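Below is one structure. I have some questions about it.
Chains here go by letter, A, B and C, matching the order in which they are written, and residues are numbered from 1 within each.
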Amino acid sequence: MEEITLVSQLLQYLITGVTLGSIYAMLAIGFNIIYNVTEIINLAQGEFVMLGGLVMVFFSVGVGIPTFLSFPLTVAVVTIVGILLDRLAIRPIRQPSVLTLIIATIAASFIIKGLAMFIWGKNPFDLPAFSGRNPIHFFGAVIQPQYFWVIGFLIVIVILLTLFFEKTIIGKAMSACADNPDAASLVGINVQRMILLSFCLSAAIGAVAGIIVTPIALMEYDRGAMLAVKGFGAVVLGGLGSFPGAILGGLIIGTIESFGAGLISSGYKDAFALIVLLAVLFFRPSGLLGSIEISKIKRF
Amino acid sequence: MLKIRMLPIAVFAVIIGVFPWAARIVPGIGNYPDLMVFAGIYCLITIGLSLLMGYAGQISLGQAAFFGIGAYTSGILTVTYGLNPWPCMLIGMIVAALVAVLVGVPSLKLRGHYLAMATLAFGIIVFIVFNEEVDWTGGPDGMSGIPGLSLFGFNFASLERYYYLVWFFVFAAFIFTINVIQSRAGRALRAIHASQAASMAMGIDVSRYKIAVFVYSAVLASLAGSLYAHYMNFINPSTFDLFFSIKLLIMISFGGMRDIWGAIIGAFLVTFLSFEWLHFFEEAEVVVYGIILLLVTIFLPHGLAGVPRIVKGWFRS
Amino acid sequence: MEVQKTDTILEVEDIIMSFGGLLALANLNFDVQKSRIKAIIGPNGAGKTTLFNIITGVFPPTEGSVRFKGNAIEKLKAHEIARRGISRTFQTVELFTNMTVLENVMVGLHTRMRSSLIASGLRLPQVLSKEEQMRERANEILDFIGLVDKSEESADSLPLGERKLLEIGRALATEPELACLDEPAAGLNESETQAAADLIKRIKDRGITVLLVEHDMKVVMNISDEIMVLNYGEKIAEGSPEEIQNNPEVIEAYLGGGEDYA
């Protein structure tokens, strides 16, 4: 019989934290992709995650489509929502300023959240775990197999994105847009299309995050706001616009939240990420991997 | 360019003054005085927010926190400690001012989305505190038994009396704020909005001013919160959530942040919206507000004040 | 011809400014004499605006000191320096476009005519009379710069030449002893340039010291008492207009031997 020692407890928090952190990292990556191409902070990012979970519930539990089909279907649907967000909420703004764009994305997140409430109601939903729920015991810590799926997906997404941005033509075009949209359009890159693509990618990544985290943490209609703020915390912690920063920031915030909830207070769970966000903004807004110069060279 | 005339204010004062009497006589406006109390309370908040966001060009997405600080300070001090409500209101305003300085000093150095997110995070943290510190605040179940207000034996228990009390404060704040806008300080704020670099070069201590306006908006919001607490005699954290901060944003946007009248108009519109017209669509509140906010942001960037310009544009083409 | 020494109002000592790895100013040393016009010229990127930013407190130098009337000011913030008597204009005209011409100048009077926030909110009579005084003073300044009939117009409705004049007027309202003008003639046509140059001369006549960054060589040679030439963040020459015009290093680095000065 395994005892619950302090070490195994700490290990538990660590693993939970890394898992949670992977979700935040995915959110942060999504934020950065849009930010790098458009300089917009998309506060509706959290809604993509929420929709990922709930739409998946609809397809796989509600309609009964097998997971390997409902997964891409869900991602596709949420990607369409991302397109609508760009077309209906961002594009129409004639005099974009930081404040109006923030407000627009907040407004969009309300609309999405409100509609989700209509469709799915207020109750949280569950999804079957991808490979069952037999917990794995590891030095006294109890790990759900779904945790590995989460961490695994983060790794896969990071690899795919790196390949995309460095090896494919479209990816390189997006990087070019991020660096210098004027120059990019001069060489024939359709900047509008790149912006749309950035929303699509962010929505897709958010959807994936939502699908894989729901078996662990359930999903309900109003989860988006907190996720977005925490995801932003990860972004700022890692350095706005920095790809490795997003991963680092996400993992750190997830870990802090997990340890904080476990060791200090679970009621204040959400506050830990927010306090980290404030601390970064107050003391080192450029984040860990950002610096004023680097933030000018936006990279994925 | 900013000649705010006394005539509209006087007319407005007359309308407000006469309204409860009219409500008694004219059928159908029956429950409007209650609504108007809320409108007044919200106006107190939006006046300060308009000065902060419209004139000084800053951002606050966490103003609900100060509203809550006022409400809970009044609530806790009067219910748990049995103190006289009036000094408690003042204490609430002082607490709000201190919190505003604490949060404002590091935050107002930030710009753009960093400032927005800092205020957003602050607002949510305060909301979590209201929910979690059950011993002080009663937690999610709220705090009841908050007494009404009375002054030297004159009781504000009736709806009409409370109405006049609230609107007295609103007019006082409104006139004070207008005076500030038209003064040297108001010019300094507008200068800061236009160009911080040039303002500094003119000897304006930009950070001092930003913090001063932030504190002012916090103090007004706190006063509004106290008035709210003593009116409802019950408060719970859900009133002071992110959604309310965004509702305040909607009120300001309607008004077109450039104009202090806009703060009043916006507060009225959203109050009527949420109490009267959305009454049937309670579930739809979130979506409707989202759509309204989006439409206002896209089509009315200058709020309703921009409508004449837009209509003129149609006629020209 | 030697530059007449009056009093030294500004001393810049061993200023080094580096941004990350980039050295913008290197061991810069110079003085400015009271009530004189000193021009700083040099190719683009020579560090002139950086120098202005240091003197006016936008950021501190990496090393070195700046003394104004004998007191070290390099660590002071911009608004504190403005209060001590140094004002400036900007290369990219930074007017308060959300205000009228008059109001722009009134902002310049901000530090010289104080009133408290509470008194303003209560609209006390002393606040109102101070406000009147400020209007009068602002109108005087507009008269001095020649824009008094446009006082109620919106600042952003002015053509560029008048915007530059307004910015100078606003800087004058702070009652400076040293006015730092950053490219006051940039983008102006012949007559506008002449108006600006005349204004600067009249400013000097009032006893105000002028430090001037400018590319227009005619203006520089015409109105300056002394010229300093910067190149790659270093001073390569300093002296009277004649000395500078005949300095071979300067000619090579900057004047290029041709007519192309701007």
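The working rule: a contact is a pair of C-beta atoms (placed from the backbone, for glycine too) under 8 Å apart; a residue touches a chain by one contact, two chains touch by 3 or more.
Note that the structure is predicted; figures quoted are calculated from it, not measured.
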Could you tell me which chain lies farthest from chain C when each chain's centre is the average position of its Cα atoms? A
Nearest chain to the global Cα centroid? B
Mean-CA-position distance for chain C and chain A (Å): 49
Measure off the straight-line distance from the CA centroid of chain A to the CA centroid of chain B, and report it in whole Å. 33
Euclidean distance of C-alpha centroids - chain B vs chain C, Å: 42
Within the complex, chain C is touched by chain B residues 1, 176-177, 179-180, 183-188, 190-191, 193-195, 197-206, 212
Interface residues, chain B side, partner chain A - complex: 53, 59, 61, 106-107, 110-114, 116-118, 120-122, 124-125, 128-129, 131-132, 242, 246, 249, 253, 283-291, 293-294, 297-298, 301
Chain B partner contacts - residues on chain C that touch it in the complex: 56-58, 77-79, 82-83, 87-88, 90, 94-100, 103, 106-108, 110-111, 113-115, 117, 120-123, 127, 130-131, 134, 154, 170-171, 173-174
In the complex, go through chain A and note every residue touching chain B. 41, 88-89, 92-95, 98-100, 102-104, 106-115, 117-118, 225-226, 229, 232-233, 236, 265, 267-268, 270-271, 274-275, 277-278, 281-282, 285
